[in-house]
Structure formats: structure tokens, C-alpha cells
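Once you scroll down, you'll see the structures, which are given as C-alpha cells.
Both complexes below contain chain A, partnered by chain B and then by chain C.
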Partner chain A sequence: MDFFLLQLLTGLASASSLFLVAAGLTVIFGVTRVVNFAHGSLFMLGAYIAWSILSRLPRTPEHFALGVLATALATAAIGALLEIALLRRLYRAPELLQLLATFGVVLVVQDAALWFWGPVDLAISRPPWLRGAIEIAGLRFPFYDAVLIAVGPAVLGLLLLLFHRTRWGLLVRAATQDRDMVAALGVNQRVLYTSVFALGAGLAGLGGALALPQGSANLQMDLAVVTDAFVVVVVGGMGSLGGAFLAALLIGVLQAFGIVLLPKITLVLVFLVMAAVLVLRPHGLLGRPQTAARSEAEALAPIRPAGAALQAAGLASLALAMAAPFVVGPYLLTVLTEAAIAVLFAASLHLMMGPGGMASFGHAAWFGIGAYAAAFATKALGGGLATGLLLAPLAAGTMALVIGWFVVRMSGVYLAMLTLAFAQIAWAVSFQWVEVTGGDNGILGLWPQGWAMDPRAMYWLALALCVGGALLLRRILFAPFGFALRATRDSPLRAAAIGLDAPRLRLAAFAIAGAAAGLSGAVFAYAKGSVFPTYMAIPHSVDALVAVLLGGVQTMAGPIVGAVAFTVLQSWLLTSEFWRFKLGLLIVLLVLAFPGGIAGAAAAAWNRFRRYQP
Partner chain B sequence: MPISRRTLLAAGGTSLAATLAAPALVRAQSTSAPIRIGEINSYTAIPAFTVPYRMGWQLAVEQINAAGGVLGRKLEVISHDDAGKPSDAIRLAGALLDESRVDLLAGGFLSNVGLAISDVARQRKRLFVASEPLTDALVWEQGHRYCFRLRPSTYMQVAMLVDDAVKLNAKRWVTVSPNYEYGQSLVKWFKALMTQRQPGVEFVAEQWPALGRIDAGATVAALAQSRPDAIFNGTFGPDLTNFVRQGNTRGLFEKRGVVSVLTGEPEYLEPLGDETPEGWIVTGWPVESVTDATNKAFIEAYRAKFNEMPKMGSVVGHAAITAIAGGIAKTGSVDTEAMADGFKGATFPTPFGPALWRAQDNQGTLGTYVGRTAMKNGKGIMVDWRYVDGAAAMPTDEEVRKLRPG
Partner chain C sequence: MSTLEVRDLRKSFGAIDAVAGLSFTLAPGEMLAVIGPNGAGKSTCFNMLNGQLRPDAGKILLAGPNGTMQDITGLPPREIWRLGVGRTFQITATFASMTVRENVQTALLSHHRRTWRFWRPANRHAGPEADRLLARVGMQSQADRPAGILAYGDLKRLELAIALANAPRLLLMDEPTAGMAPAERTALMTLTRDIARTEGVAVLFTEHDMDVVFGVADRILVLNRGHLIAEGPPAEIRENPEIRAVYLGAHI
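Right after this comes the complex of A and B.
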């Protein structure tokens, strides 16, 4: 019983920490709709800045509080700067493009922090008051954890006061409900958005600063925190502070007891909770359906088959790609093989995300399932290349069909996060089921035998299957199915009125996308000779998102251009110093220059050019 | 001539393509050309270890070249960052072999990255010297002719600690270790060796925090709840700092023996600062108190070049280069097949003293220090330490034969 109480309190303390990070994220999302990937980076900066400040101050409680507040103000200023310099320019851009921009920021901050604070983990020395414990039921409970338990509800209370008792809060709530109406009433949106973003960033910094006494400021904390923060926000209902608090409590307490009963559940617990909550409540615990911002994605012209010039350009690139092995060296050939695989991977995500309107944060799941299916076909069944390549899309497509049944009824970020939850569960299975999957050491020695041993043959195979697959997906979008799918995205009511079965169409699209991603995963497994859980991990899902958004989600050529550009850029930069900084900066600049993606910008330029022709 | 933006873009594109496509310049393989080592490591993913590691190998290359190189040829290291991803490491390994025309591959921190590069080496029949990855699979289950590994493996680290663990005479043990292959392997071996050595030992609870995201308060409370006599710890880095802080405050370590892997390494001990728990039995490196000539010479040279104290990573980086140099010197050439035979039994100097490549499983005998943690002037140090040679921490040759197919 005493232990139960102690563990409950411990859970409440971590719930408070979770809430502090998630609060900022949910405030930002509620108003600006920005899916802020850089929230973890702001948290990390908070911890580092707090270290820089606190290690120079006397170690009294007053100075500690002062230092933490100063940190929150500093990160708020960084957040305001980020909003003014970058995100403000992107509110009218296609949905989720801000995600790409903030991903660039994540990369830049990682290298900047390494350069500025160095590689060693930085911890502050705890004075006795921070180190002490209080006695509860004969057991010791850290005094600082008790402080944290109080800080969470206090911050919640202050935020609720701010939102419900001030004019600024009134405007923010109005903007959360209908930002176009608020703009029409003459409210200066710019100031409102900047201040909201600064508030959210400040909360992230506060969370980072308050986490410092429990551990260290280190370079891994950004990514460790950001997924948990997203989970809390989504489980609570995006934009809902009370929901975020409830979700943090649920997850914090479940975690505290979960690891006692099932110690190995640490990898996957939060995602199990998220999947369960979202299946039962599609908008989170306290969330409401998103009111669509009026400017988004409605007035897009229907897709048209490529014009003669574009077709010629496409054919020419394909001919060039086919001739590549005669021209380029073996290393570039590997890069091109990976680019071909990335093309199919990105095109499969694009099918769901563009015309299907279902953005996925967990698309790597299907890629990974395909790769593992190929590995099992080779290792367990003793099959050859053909068996694996056949089995992979079947396995991934079937899994996608099953999971899709839960997913396609949802929409927006909730849908994306549910796919992430399933991807993380699949990842955890591949990671922890060591007897079958080899755990994180993966399955090795899948190099194909015979003719495919030659890297050139492998390249042509990848080109045929992946570019062929991508063209097939493109063909599907020009079929009645594709147009019906788009209709369900653009106007669900009208689509239903003419008898389109939206869930079935979306489910079919989901399964096709899964199967195609599975095929790309199988080709990757053979090209690399091995499979690892990293193929299903979040960074790989992000790769696909980046490729699609970089190319342009509303163009047919977007995923192809984006995948090739991103693969080539990444492999080119990876061998240079501070590559993350350069890649991040480049992504940010590309987003600013081409909000419609590279292919979108090219199409716009082509149209302008044509208009001037006689 | 006015330069339009389009010309500039085209020029940029061409030069990018040229950089990527540049077929490796035909390099004369004369005896005076440098010996090229292709090095891959997780420089951005694990900077706390790999940045000092890079400084270590840079020092070794400089020293060896100043002394005339190997076989009369200079050493040259071409180093890339794998971003912590095995798939990137595989591509880079290809780049190093095909474009940079390296004579052998080296590096690796994460076990899965090490195994991925090792698999490329097996497929391409090229030599790979794994410096840091600790997984046993590298030289045992997945071991092969072309893969050599320098550092003491998870088995060896545990075997070095078991003597002192038995002396604690503790009956009820709990374990806490990160939830991935390294952590699982540590606990597996610790349980196996303890059960062998101390009949009646009990393992009453285990905790498996996810790497980099330990819920320290709940983990510490759950361990304390089992009322153990002693604790075996495999966490390191940020997780260890969180774990130690919660454990100190909640009194988990009071009157309990703790056996902890890697905790004595400067990169992991330093962040513990004035919270370093006293009396933990650890593997590591007492960089402050070693007195022998080889250690001293290394530390002095390192401080002279970089103006900071070396870390364990620096030692591994330095030894990786001297171990390769030793192997090549004994072989007398950089032909892969000759090196795969010649490295076996080759001796080489390291900051910790002489070591060799074992013939039976391609494992290096570089050892590590075993001692106890203590605090001095608000900093963690190692006391009562001794050096354990890697050869002394291996299972019998017969067991190794069973573990290593082929």
C-alpha cells in the first residue's frame, strides 16, 4: 500500500513534467495549426540555457526560480524569432509544410547545440534542498518531485486564467475556433500568432529548465521529448489544455505502474495508450473535431495528365536514369538505387497524403514490414529474390488493410498520429522479439545471389520495380478510383451524396499505399543486404514526409522530385562537417523559396512562361 | 559576360553532379602512397563518446606518421558520420571501398551499425576493424574471417566484474539495463556467470528503461520495492545521471552493493559530478590516477594537442589506429586476404599497455580497468583499481569454438 502511494506520487511528478512540455505544443497547435516538430528542440535549448544560467548563480531556491523564469523568457524570445523569421511566411502554404520547416529547425538546432555547448552531458550540482527527500509512509520521496507535482496544476491554472480572464486570451480562443473570422474583425493576427508561439516556446523552455535538476542537458533530449509531447497532446485532444493535463496524468501514472508489472513495456507503452484512446475517442479525451480553416486545399484545380513537354522531360529523365550505370561510379549508383527506392516510398505516401488527404506519420511501418517479410522469405522459407519481392507487398498490404480499418475513419493530425502509434508498435515488436527478428541487431546476410549480385543489376531492378510502381500509383490516381478518392477528400458531403463510399475508398488507398511501401522496403532489404528496426522507426517515416513535402504534395511529380532531391542532398551532405546544420538550413530555405514544393514551383514557373507565349 | 541566374544554377548542378559522379581518380598504388583507412562512426548520434574518439585517432595517425608511418607508408584516415543508422553506414562503406579506394574499413559505435558494416565486409571480402561496438555477435555468432573487434565485449565487461560481484556475497539481486541488445546481453551474461559462480543467487526484479528516456523515479522505486541486497546496472550517459540522482535522493544505493558497467569511464563519470555514488564496482578508466609510463605518455600527448583530458573514447580511437598499424606491420602488406591471416596474433601498443589480436576469434585483448567509484573535490574518480587484460576475461577456447561458427 505504501509502495502504491509512492509510485502514484512518482507518476504524478512525471505527469507534471510531461504536461509542461505538452502544454506549449497544444497552445501553439490550437491557434496556429502548426505541427511544431521543433518543440523538443526548444525543450532542449531550455535545458542548456538553464544550465548556462543556473551554474553561474548561487544555489538558493530564489535564484533557482529566477534562473528558470529567465530561461523561459529566453526560449520564448527564441520562439518569437522563429515565428517571425520562418513560420509567419508559411501560414498560407499547404498543410503540414510548417512541419517540414520545423524539421529543418530541429536539424539546425542539433548541430548548433553541439557546437555551442560541446558533446559532454551537462548537469548542475544540486544543493541540499534540491537533493532532499520528504518521508511519506515511511518511504523517501524527492522534495523536488513534490514541487513538480504542484507546478503542473499551477501552470495549468495560470494558463486557464490567462485564456479565460484576459482580452488576449479571449482573442486566442476566438482564433482557435475561427481564425478567419477573428481576422475579419480586425484583430492583428500577426501579433497574436507571434505571442502565442512565444508562449508555447516559453513553456517548452520552462519544461526543459525544470527537467535539468533531475538529470542533465544532453543532445538526445530533443527527440526523446518531442514524441511523448505529441502523444500527450493528441491523447488529450489537440488544442485542449485540460485534455493535455488529463492525458499527461494518464500516461505518467500508467508508466509508473506499468514498468513494475511489465518492465519491458517501456518502449511502447505511450503508443499503446494513444492507439487505445484514439480508437475509442477519435478526437482525443477532450478534443473537438477540427474546424477546417477556410483557406486550405479547397480551391485546388483537379489533377491533369502531364502536358507533352512534361511527358517528354519525364521520358528523358527515365532514359537518363536507365543509362546511368554506364556513366556513373559505383557509389553514385548506390545513391541512385536508394533514390529509386525512395521514389516509390514517397509516391506511396503521396497517394494517401495528397489525393487521399490522409497524412501519415508512421509510413515507415509498411516499408519495414515489407523489408522484414523479404528477410523471412529469404531466411526462414529459403526463398529467393522473387519470393521476397512477391511476399513483401502482400504482407505489408494485408497489414495495412487491417490497421487501415481503424485509421481511415479519422482525419487530420489524429489520423497521422494513429498511424504513428501503429508504426511504433510494429517497431517495438521488431525491436523486442529478438528470437524472430534478431532485435536491434537486425537480420543480416540478405544479399541476393546470382545475377542480382551485380550492383548494376540491382539498380535496374530497383528502377524497374520502384519507378514502375510509382508510375502505376500515378495511373491509379488518373483512374476513376483516384478521382473518387480525391472527391472524398475535397468534399466529403457531396461525395457521399453521389454514392461514394468514403471509408472503403480510403481503406483501399491505404492498403495500396501500404503494399507499395512494402515493395520498396523489400527492394531496400536486398540492396542493403540486411534489415533493422530503424527501417520502421520515426526518422524513416519523417524521411518520407520530407520527400513528399519537399517535392510538393499537391503535384503529381512532387514525390518523385522530392525523393530524388532529398536522397541525393542527404547522401551528399552526410560526408561533410556539420551536415545537419547545412541540411536543415537548406530545407528551411527551400520551404521559404518554394512553399508549394520544388515541383509545385516548377509547375507555376512553367505556367507563367506559357502565358507569355503568343 | 553577364551571368544569368540560370547559368549559375546550371553550373552549380553540373558541379554537384561531378562531385557525386567523380569516378575515383586512379591512384597509383606505389609504395609511397598512403595506406588509407576508411572510418565510419556515429559522430552526430553519440557525440559524447565519438568526438573524443575522433581526437584519439587523429593523435595516433599524427604520431605514427611522424615516426615514419607503417611499411614506410603514411597512414591516411577518411572518416564519415553514419548518423546512427545502419543503412547509411552500409552506403558509406561502399563509398569508402569504391570511391575512396581505402585499404580497410574501421569504426562503429552502435552494435547494429557495427554488424551492418561487418556484413558488408563479409560480402565484399574486405577487412573491417570494429573499434567500439560491444556486441558479442560481432566476433561470435556473426563472426567471420574479415572482421576484427578491438574493445572488450559485453561478455568480457561482465566477466571482469563478476569476481568482485561474488565477493559482495549478496543473495537478492536486481538488474537495470537499457532496453536494447547491449543492455539485454549484459544482463544475460551477468545472470549466467553469477549463477555459475554463486549457487543460490536470486534475481528478484529487472528494469528495462528505453535508451535515453528512463523514467528514473518510477524505475528506482520499483527496484527498491524488491528489497534487493545488490544492484547490477547497465545504463550509461543521460539515463545514468537521471538514475543516480533519483537513487541518491531516494536512498536506493544505501547499504547495497552496486555493480555497474562502463560507469568508471570519464565521459560517463564526469556528468555525475558531486553526486557520484561511492563504492560502486565499475569498469572504466582512472584517468586521474594512472601512473604507468604508457598511460602517462598518452595523456600528456593528448593534452598537449587538444588541451583537455582524454576520455575512454580517446583511448579506443587511439588504440584502433595502433592496432591496425600493428596488424599491417606484421602482415607486411595491405592485401585483404594477407591481412585477414596476418592480423591474427599481431601485437600492438595501446595507452593501457601491449595487446594482441586473438587468433581464435579475431577479438582484441585490449582490457579495461576495474575499480570502485569515489568522490574527490566534488568529482567522481575511480579508486582501488586494477587493469584486467582482455585475454583474462574470455571463456575457454572450447566454448569460443562453440559460439563461433565456421
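Right after this comes the complex of A and C.
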């Protein structure tokens, strides 16, 4: 009984922290429809700013409260600045591009924090009042946890008052339901959006500041926090404050018990819960189906097969790529091998994301499953290169078929989050199942024997399989299957009215994309000679997203251009100091300059050029 | 012999009986208009016929190729389409990322059961057949334009071409002329009537423009609050005093 109560209280305390971050995220999404990847960065900034302020103040409760409030205000100001400088320019852009821009911000903030606060974890020295305990039902319980338990409901209450008792709150609720109508009624959207973003950022900062006494400010907290916050928001229902609170309670408490009762699967537990909720309630606990924002109904660009000029350019690049090993040095050859692999990885995501209309935040799962399948084929089965390369797409494709059955019935952000949930589960399995996967140490010594030992041979193999695979995917997109798939994306209503079975088509696309990504993972495993859980981690999924969006999701050449550009950029910047900052800034600038991606911008320029021809 | 037979169809949403016991038949080549004020149950009726909504009660029977009546009640839209029912939507639904011809080709691919092919380019499939359908609705000159940039009236005509791709025996048209200019409206519906006559297609349509309704319909169903309040040829409906009161207004 004592154990039960103690774990429950601990769970409630962490639920409060979760709620603070998730509340900001859900409010921002509800009004602006921006999926703010940088929300965790605002939380991290909150922790760092709180450290800077609190370590300079006297250590009394009053000064602590003041410092925390000041931190919230400071992050709110940063949020407002972010909205005015960047996101405001992107509301008309496709939803996913905003995600990409905010990911750029994540990178920038990471290095900015590193530069400003240094690489060491920063903790405040806790005064006695913070370390004290109180007695609840005869149990000694940390005082600060009790404070946290109170803060969550208090903030929920204040927010509900704000939303239901003020004119501003009325506008926010109206905009959450139908922002175009609110704009048509003459409401100044700019001010509304900026203030909502500032509020959300302030809540994230508050969460970061309040988390400081229990841990430290560090550079890893941004992605960890934003993943948890996404889960809470999605489980609760995007845009629903009450839902976020319920979901935070559910997950906080579940985690508290899970750590004790099922320590082996703690990493998986949260995502299992999310997957279960989404399968039962596709719009979260309290969420409603999203109304399509009318103004965002972007005209879908017509997709045409490559013209003679583009075909010639493609063939020329391919010839250059094939001749590359005779010209470039070993380092550049490694980069080019990675670029070839990235091309297939990105093209496979593009298949489901562009023509399939299913954006995935967890595409690295298939890459990783392919890589591990290749490793098992080599280590456990004693198979050669060919066995691994055959087994990998089979394994990843079969897995994708199973997971896809749940996924393809959803849409939009919910679909993306379910793929993320699965990727996190796969990652956690590879990380925690040490006996089989080697855990963090990975599986080493996968170098192929014989002819493929030569890096040049490996490069040509990667080029043949990956670029060949990407071209095959492209072929599929122009074949009847691709047209049918695109039809279900363009107009689900019409697709059903001409006899197309949308779930089956989407499932097939999902499995094909999974198999192709699995193949790219296997090639990567052999090229690197090893596999690690990081292959399935969020940053790797984001790599694929960046490549596709950078290239342009509405063009067929996009993923190829984007993958090559991103790989080359990354490896070029990787050697320099503060490369994240530069890469992030570059992503942000590219998004602002080319909302249609590089290939999209090139296609538009080419069309303009042709129009001036006689 | 009839193409469509509807028996005592019912659908309620909560306490509201959207369609409360509707029965009618539709013959091959016949143009049947469903009219009624907003909330009369026209759209609900349509959505049950094409499978988007499952009826609470009643039967929908469709003539098969050999003339036997088949129960299609509650089948999903794509199976109803397979059985020979084409439809157009109130708000046009076409594939914006494809050209006009590719839109029709996609429908033909599905009709010919060639959807699950992964190699041969789709736009080489049944080009002449697609062009014939486009010529039929007067859209051949725009075959290579992206559907996303068409004028609204042209989109409506493209929809008709798509709806004809499976050589339907029954055509369901929900407000086919909404948003079109008056001259275009009559042209589209006259064209539809020609197709109905020459190919024996039964056409069921809803329409708010009374000039169109009385101009092309062979028979009219009048719905009000889910009930069928009158049925008959245009001349009869026009003279019915009850209908004048609830719907048409005295000025007609």
C-alpha cells in the first residue's frame, strides 16, 4: 500500500512536468497548426536560463518563485521572437515544411546553448527547503514533488480561466476550431498567433525551470522532452488542453509504476500506450477530427514524367557518379557511398510521404530493421552479402506490412506520430535487448569478404542497389499503382468512387517503402561494417525527412536531389566547429527561400525559363 | 424493367429522421430529379445510394448486367462502383496532381482492373478510350492540362467523364451544376440527357436550379423532411399546389 501511494505521488509529480510542456505544444498546434519540433529546445532554454538566474539569486523560496517566473517570461519572449522572425513566414507553406524549419531551430539552439553555457551539465545547489520532505499519510514524501503535483492542476486551472473568461481566450478557442473563419471576422491573426506562440513557449520555459532542481540543464533534454510532449499531446488529442492533462496523468503514473514493475520495457511502455490509444481512438482521448484548413488547401503541383532535358541531366549525373571512384579520394568516396544509400532511404520515404500522402516521423525504423536483419544474416546465419541484402528488405517489408495495418487507417500528424511510436519501440528493443543486439555497443565486424572488401566495389554496389532501387520506386510511381496511390491522396472521395481500395493501396505503399528503406539499411550496415541502435533513432528519421523536404516533396526528383545535397552538406559541415548551428541555419534559410524544395524551385525556374522561349 | 429500385429507405441522425421511408424506381435512360428544400434528405438519400452511409432500414436494388436485381444495401462505395454506378459530387472531386486525361485513365485502370501493376507507365493505358470519353463531354482540347487549374465548369465536365469511365448503368449526380454559369448548366444537363438516352443510363440527380430540373427531368421526386411528398412528370409537379407552398414559391 505504501509502495503504491509513493509511486502514485511520484507519478503525479512527473505528470505535472509533462503537462506543462505538452500544454504549450498543444495550444500552439491548436491555433497555428504548427507542429513545433523546437518546443523541447524552449524547455531546454528554460532550464538553462533558470540556472543562470537562480544561481545568482539568494536561495529562498520567494526568490526561487521569482526566478522561475522570470524564466517563463524570458522564454515567452524568445518564442514570440521565433514566431515573428520565422514561423510567421511559413503559415502558408505545407505543414511539414514548418516542421523542418523548427527542426532547423532545434539544431541552432543546441549549438547556441553549447556556446553560451558550455558542454557540462548544470545543476543548482539545492537549499534545505527544496530538499525537505513532508508527511503524507504517514509517508515521507519529497516536498518539491508535492509542489510539482500542485503546479500542474494550478496551471491547467489558470489556462482554462484564460481561455474561457477572457476575450483573448475566446479568440484562441475560435481559432482552434476554425482559424479561417476567425480571420474572416476581422481578427488580427498576427497578434493572436504571436501571443499564442509566446504563451506556449512560456509554458515550456516554466516546465524547464521547474525541472531544474530535480536534475540539471543539459544539451540532451530537448529531443527527449519533445518526444514525450508529442506523445502526451497526441494521446490527449491534438489541440485539447484537457486531453493533454489526462494523457499526462496517464503516462506519468504509468511510467512511475512501470519503472518499478517492468524495468525491462520502460522505454517501450510509453509508446505502447500511445499506439494502443491511437488504434482505439484515432484522434486521441479528447481530440476531434482535424478540420482541413481551407487556406492551406495548396494546389497540388501536377506531376509529369521527366522531360528530355531532365533525363539527360540524370544520365549525366549517373555517369559521373559511376566514374567517381577513379577521381575522388577515399574520404569523398565514403561520403558518396553514404549519399547513394541516403538516396534510397529518402526515395522510400518520399513514396509514402509524397504520392502516398503519409508523412512518417519514424522512417528510420525500417532502415534499422534492415541493418539488423543483415547483421543477423551474417552473424547468426553465417550468410554472405547476398543473403543479408535479400533478407533485409524482406524483414523490413514484412514488419512494415504488420505495423502498416494499424498506421494506414490514420492521417496527418496522428499517422506521423504512430510511425514515430513504432520507431521508438524498435529503437528501445535494439537498445535494451543486449543479449541479441549488443545494446549500445551494436554489432560489429560485418565487413563483407571477397570482392566487396574494396571500398570502390562497395561504392558501386551501393550505387547499383540504392540508385537502382530509387529509380525503381520512381518507375512504380508512374505505373498504375502509383497513379492509384496518388489518386487516394488527391481525393479520397473520388478514389473510392472509382473503385480504389485506399487502405490496401496505402498499406502496399507502406510495405514497399519499408522494404526499400530496409535494403538501404542493409547496404549501410555492410558499408560501415557495423550496426547500432542510433540507426533507428529519431535524428536518423529526421535525416530522411530533411532530405525529402529539402529536395521537394511534390517533385519526383526531389528525394534524390535532397538526399545528395543533405549528405554532402552534413559531411562537409560535420568537420567544422558548431556544425549543428550552421546546418540548422542553412535548413531554416533554405526553407524560407525554397518552400517547394530545391527540385521544386528548379522546376519552377525551368518552367519560367521555357515560357520565355519562342 | 427498372435499373434502380429503392424500398422504404430510412436513416436517422439522433432524433432527426433524415430519410423516413423513401421508395421509388428508376428506369434505364430515365432522368429522375430529386428536389426539396435544404434538409429535405436529398444528400442523405444520395449518400446511402452510393454507399457512403449505411441505411437504418430499407433496401436498395440495382439491376445487374443480365437484368436480375441485386441487393446493394450497405455495400462500400468502391463495390457499388464495380457494380456499375458512376457518380459526381456536389463539390468536385478530381485528382489535382494529374492531367485531365490521366484523371480519366486512372478511372479506366480501375475499371479494367489494372490498378495493381507496377511497371508499365499508367499514362499509356487506354489513351484513345480516355480521349473518347473526354470528347463526349467536350473536354478533349484540355486533355493535357493539369486538373488542378481547370475552371469550375470544366471540372464538372471532367467529373462526368470520370463517372462514365466504367460504362455505368446508373449515374448519381449530386447538384451537378452548382457553381456553374446558367448557360453552362443547361448545356451540361442536356449533354447528360443525351448520354442517358443513347446509352440507356439511368440518371438520378439533385438540383436547385428549377429551370434545369424542369428542362431536362423526365420525372421529379419532391422530398420534404425526409418524406416523399410528390412524384410525377415536371408538368404535374409544377401545377401541384402543395409543392408550390412548401418549396417552389408562388412565382413559378
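FYI, the second predicted complex is superposed on the first by the 609 of 614 C-alpha atoms of A that agree within 3 Å, B and C clash if a C-alpha of one lies under 4 Å from a C-alpha of the other, contacts with A are read in each partner's own complex, and residues count from 1 in each chain.
Operating definition for what follows: a contact is a pair of C-beta atoms (placed from the backbone, for glycine too) under 8 Å apart; a residue touches a chain by one contact, two chains touch by 3 or more.
No experiment lies behind these values; they were computed from the predicted model shown.
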**Q.** Fit-or-clash call for chain B and chain C when the two complexes are aligned on chain A
**A.** fit
(Q) Between chain B and chain C, whom does A:G445 touch in the aligned arrangement: first, second, both, or neither? (A) first
Q | Residue contacts on chain A - larger count, chain B or chain C | A | B
(Q) Once both structures sit on chain A, report the angle chain B, chain A, chain C from C-alpha centres, rounded to the nearest 10 degrees. (A) 160
Q | Partner chain(s) touched by A:L6 [first = chain B, second = chain C, both, neither] | A | first
Q) With the two structures laid over each other on chain A, which partner does A:P153 touch: chain B (first), chain C (second), both, or neither? A) neither
Q: May I ask you to decide whether A:P289 touches chain B, chain C, both, or neither, giving the answer as first, second, both or neither?
A: neither
(Q) Is A:L500 touching anything from chain B or chain C once the two structures are fitted on A? First, second, both or neither. (A) second
Q: Using the superposition on chain A described above, determine whether A:V335 touches chain B (first), chain C (second), both, or neither.
A: first
(Q) Is A:P58 touching anything from chain B or chain C once the two structures are fitted on A? First, second, both or neither. (A) neither
Q: Could you grab the smallest C-alpha gap between chain B and chain C in the overlay, to the nearest Å?
A: 32
**Q.** Shared contact residues on chain A - chain B and chain C
**A.** none
Q: Spell out the part of chain C that touches chain A in their complex, as residue ranges.
A: 50, 76-79, 81-82, 86-87, 89, 93-99, 102, 105-107, 109-111, 114-123, 125, 146-149, 162-163, 165-166
Q. Across the complex, what residues on chain A touch chain C?
A. 299-303, 305, 475-476, 478-484, 486-487, 489-491, 493-494, 496-501, 505, 508, 554
Q) Once bound in the complex, which stretches of chain A touch chain B? A) 3, 6-7, 10-11, 13-14, 110-111, 114, 118-123, 125-126, 131-133, 139-145, 213-216, 218-221, 224, 228, 255-256, 259-260, 263-264, 266-267, 327-332, 334-335, 338, 431-432, 434, 439-442, 444-445, 447, 524, 528-530, 532, 534-535, 539, 568, 571-572, 574-575, 579-580
Q.
List the residues on chain B that touch chain A in their complex, please.
A. 16, 19-24, 44, 47-48, 50-52, 80-81, 83, 85-88, 90-92, 94-95, 98-99, 111-112, 115-116, 119-120, 122-123, 135, 137, 142, 179-181, 184, 205-210, 212-213, 215-219, 221-222, 224-225, 237-238, 241-242, 245-246, 248-251, 267, 270-275, 378
